[in-house]
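Here the chain labels run A, B, C and D in written order, and each chain numbers its own residues starting at 1.
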Amino acid sequence: MEKTKIFYNKKIKLKNPTLLVGLPGIGSVGSLVAEHIKNETNAQKYGILYSPFFPPHVIMEKNGKIRMLSNRFYHFKNKKGNSIIILLGDTQPITTKGQYAVNGRIAKFFKKIGGKTVYTVGGYSISNSYIEKPRTFGVASNQKIINKLKSNGVIFGNTSGSIFGAAGLLPVFSSKFGLESACIMGETGLLEIDANAAKAVLEKLNKILEIDINPSNLDKIKKETEKLMKELEETSKQNPEQLQGSPGHKDNLSYIR
Amino acid sequence: MEKTKIFYNKKIKLKNPTLLVGLPGIGSVGSLVAEHIKNETNAQKYGILYSPFFPPHVIMEKNGKIRMLSNRFYHFKNKKGNSIIILLGDTQPITTKGQYAVNGRIAKFFKKIGGKTVYTVGGYSISNSYIEKPRTFGVASNQKIINKLKSNGVIFGNTSGSIFGAAGLLPVFSSKFGLESACIMGETGLLEIDANAAKAVLEKLNKILEIDINPSNLDKIKKETEKLMKELEETSKQNPEQLQGSPGHKDNLSYIR
Amino acid sequence: MEKTKIFYNKKIKLKNPTLLVGLPGIGSVGSLVAEHIKNETNAQKYGILYSPFFPPHVIMEKNGKIRMLSNRFYHFKNKKGNSIIILLGDTQPITTKGQYAVNGRIAKFFKKIGGKTVYTVGGYSISNSYIEKPRTFGVASNQKIINKLKSNGVIFGNTSGSIFGAAGLLPVFSSKFGLESACIMGETGLLEIDANAAKAVLEKLNKILEIDINPSNLDKIKKETEKLMKELEETSKQNPEQLQGSPGHKDNLSYIR
Amino acid sequence: MEKTKIFYNKKIKLKNPTLLVGLPGIGSVGSLVAEHIKNETNAQKYGILYSPFFPPHVIMEKNGKIRMLSNRFYHFKNKKGNSIIILLGDTQPITTKGQYAVNGRIAKFFKKIGGKTVYTVGGYSISNSYIEKPRTFGVASNQKIINKLKSNGVIFGNTSGSIFGAAGLLPVFSSKFGLESACIMGETGLLEIDANAAKAVLEKLNKILEIDINPSNLDKIKKETEKLMKELEETSKQNPEQLQGSPGHKDNLSYIR
C-alpha cells in the first residue's frame, strides 16, 4: 500500500454537502463532537480513507477481529434537507509529508463529490486550568464565512499562533479548491478529553449546520472517558509494548467509537 | 536499490499455500516459531525479499562472508500434502512508509502465487513477570477463521489495543486481497526471547496447519539464546559501534539462523 | 498537495533581475533585512511558493483569517532601473529532502524568469556575546563576484565550517544553473533577532544592489521584536500546543510581516 | 535537486578498474586511507557525486568560495598499469533510504564504466583502548576474493555483527551487479581519527592493489589531525550553529582534503 485511498458509496445522493471534520487533536474536542453527532443522528456510513501515512499498526476489536487504522465518512441530512458529511477517525498522518498529502487528498475528494463548505473542529488551549465556561473561537478563509459564523456566536480575532494538522490544513487546502472553509475551536484547558469544550462547539454547530443535537450526553461521555482513560493508563503501564499510537487514540472507549 | 524486491523459485509447485509469518517482534515469539518449524521440517528455500526500508547495514557471517538484510521464504508440505510457506528474516522495515510498502508487497506476492491463508505469529505481553503457562490469543479478519482457530484452542476477544508491524499489518492487507488471515499471539512477559510462549503457539499451529513438529527443542533454544544474549550484551558493551539494529536481531544465535 | 509550487505574476516585466533572499535563520538576520527592504521600498508582490516540505501547520492572523505557510517574492527597481526580487517567508523546509527540493526549485525558477545574480543573507556567529560593531562576511561561487563584494566592504576568507539551509544551498544550486551567487553574513552573537547585524549587512547591500535604504528603522524593529519576543515566550508557556514552528517564526511580530 | 547525480570524465580510459572506497566512518580509517593514496599518487579527478540525501548544508572554503557536499572519484594506475579509482568525500547519506539509493547508484555506475572489483575500507572497533598493533580484518562476497585477501594478510572469520553505511552496503550491492567485492577493516580503539589503523590497512592494500605507497606520512596526519580536532572542538564550543555535520566531517583539516 503506497498511496492514500478513499472508498465511498456513490449511491448516496448528496445535496449541498457540508463537511464536518473531527479528528484526534487538542482536548479531543474534534473527535468528541464528530462522534457525538454521528451517534445522535444515526449517520450512515459514506466512505473510508486508508493511508500509508498513518501509524504502522492495526486495532484489535472486542470481538476478536482486527482492522486497519482509518478515517471514516458518515452522511446525514440537516433540518433543511442538506447533506452533512462527518469525517472522523483513529488517527492523523504522523509525518509532515503525510499531513500535506492526506489533507490535500480529502479536500480534492470533497470538491469532487460536490462539496460546498468545510468546517474543522478543534481545541484551543490558553491556560492549564479547567475552563468552566469555554468560548468558541474561529478562523476562516474569507470574510463571508467569518460573518456567518460570527452571527452564530463564534469569536474571531482573539486567537494567534499556529494550528497543526487537519484542523488547520484542511480549511486552507479547501479554499484552494474554491470551497468555503473555517476552523471552529472550543476553548480548552489542556484536558486530554474535554467534553465541556465539545459541548460549547456543539451548541454553535447546531445553529451553523441547522441541526438539533442534544449535547447533554456529552457529560456522560466525559465521565465515561475519564474512567476509561484511567483504565487505559494502567493497562499501558503493565503492557508498554501495546502502546497507544497518538494522544487522540481511544480504542478502548467504546462509546465514542 | 530503490524498491522492495522478491526473488522466488517458480519451479516449486505449490498446493493450497498457507503463509506462516514469524518476523522479529515482541518476545521473538514469531522468529522462534518460524525458525524452529523451518529447521524441523528441513523446509526448502523458496524466495528472498530485499528492501530499501530495512536498516542500512549488512551482516558479517562466521565464514567471513557478508550478506544483505533480508526476509526469506521456505516451503514444505504438511501431513495432507498442502504447501506451507514460512516467512522469516533479520528485520522489519524501520519506517512507517516501509511497513506499509513491504507488508503490502508481501500480501500481493502471496496472492499472486495462489495463496489462500495467512497466519502471522507474535507475542502479546500483559505483565512483566515470566508466564509459566502462556495462553495463545488470536485476532482475525473474519468470523470463519475465528471459528477455525477457536476450535484449535486459540482464545479470541481477550486482547485489546494495537499490533505493530508485520504481525498486524499483513493480516489486514491480506484480507484486502481476499485472503483468509489471522494473527496468533503467545502470551509473554516481556522476555527478549520467550521460547515458552513460542512453544504454546507451536502446539496450536500443529493442529491448525496439520503438521507435527516436536516443540521440545524450543527448551534447548531457550537456554542457548539466553546464554548467547548475555555474550552479545557484553560484546556490545565493548564495541558499541557494531550495534545490533533491532531487538529481534540475533545474528550471533547460530541455532535460530 | 504533493509538490512544491510557485505562482507568480507574469505581467510584471523584469530587467536584469537580482534575487535577494532573507529566510528564517541565524539571528533572523536574513528575515530582518528582507522584510525591511520590502517595507521601505513598498515592493510589489511578485509570487508565492507553497511546499509540502514546510511544517504541517497554518497561521492564524489578527483579522480571524488563516493562511498556509509560504515563501513570498516581492519586486522593486533599484536606482539604475534594474529589478530586485526579494524572497522572504515564514519558514524553511524541515527535512533534508525538502531543503534540496525547494532550494533547487527556487534556483530553477529564478533562472527561468531571466535571473542573473542571487544573494542570500544570513548570520554568522562567532561568539556568544553581543557584537557592538558587526562585520559582514561573504562566501561566493566564483572569483568575479568575490571581487565585486570585496570592493563593497564584504570580508572574504575569514569564515569556515558549514552554512545550513537556503543561505548556503541556494547559492550553490544557482551557480549550477549558471547564475552568479553569494551568501552575505552579518556577524552575530547568537541573539534570536539581531537587528544590529542586519544593519551591517544592509549598509553593504545599499552599495551592492545600488539601492538607498535607510537602516535607522532597524533599531525600532530591534526594540519592538525584543518586546514581542517576550510576550510570545509568555504565551507559549501558557499555551504549549500552539507552538511556534521554527526559531525564525515571528507571526506575532506585525512590523516584520 | 531531487536525484543523486554522478558527473564523470569519459575521456579517461580505464583498464580493469578497481574501486577503492574510503568514506567517513569508524575511526575515519576509510577517509584517511583514501585521502592519503590520492595525495601520494597525485590521482586525477575522475568524477563527482551529488545527492539530495546528503546533509542540507554547504562547505565554506579558505578562499572564500562555497561548494556543495560531494563524494569524489580519482583515478591512477597501479604498477601493472591497471586502473584504481578512489572514492572519497565529505559525508555519507543521512537516511536509510539515502544509503540504499546512493550506494546502489555507485555500484551501478562502477559496473557501467567497466568495473571489476570493489574494496571498501572501514574501521572495526573491539575495545575502547588505543590499539598499538592493529590487525586488518575482512569480509567479502565470495570465497575467491576471501582467498586472495587472506594470502595478503587480511584476517577472515574473526568479526561478527553489522557494518553500517557504504563500507557494508557497497560490497553487497556490487556483488548483485556481478562484481567482486570486499570490506577491509583496520582494528581501531574508537579514536575519532585513527591513523595507526589506516597504516595497517594501507600495508595490506599495497600488496592487494599492487601499489607502493609510503605510509609514513600517516603519522604526520595523525599529529596534524589531532591538533586540528582540538581547534575544531574549541571553535564549535564558541560557535555551535556552524556545527559539523558528521563525525567524519573534517573541513578544517587541510591536509586530508
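Here is the rule we go by: a residue touches a chain if its C-beta (ideal position, glycine included) is under 8 Å from a C-beta of that chain, and two chains touch if they have at least 3 such contacts.
On a predicted model such as this, the values are computed, not experimentally measured, just so you know.
Engineer: Centre to centre, using CA atoms, which chain is the farthest one from chain C?
Structural biologist: So the farthest one, by centre of C-alpha atoms, is B.
Engineer: Copies chain C and chain D touch; is their interface built from the same residue numbers (over half shared) or different ones?
Structural biologist: different
Engineer: Rounded to a whole Å, what is the gap between the Cα centroids of chain B and chain C?
Structural biologist: 52
Engineer: How big is the gap, in whole Å, between where the Cα atoms of chain B centre and where those of chain D centre?
Structural biologist: 37
Engineer: At least two partner chains per residue is the criterion; list those residues in chain C.
Structural biologist: Residue numbers touching two or more other chains: none in chain C.
Engineer: Let me make sure I understand the interfaces: which chain pairs count as touching?
Structural biologist: Those chain pairs satisfying the definition are A-B, A-C, B-D, C-D.
Engineer: Which residues of chain B touch chain A once you look at their complex with the stated criterion?
Structural biologist: 26, 96-97, 99-101, 103-104, 124-128, 138-142, 146, 156-157, 159-165, 168-169, 171-173, 183, 190
Engineer: Within their complex, state which residues of chain B touch chain D.
Structural biologist: 1-2, 52-68, 94-95, 235, 238-239, 241-245, 251-252
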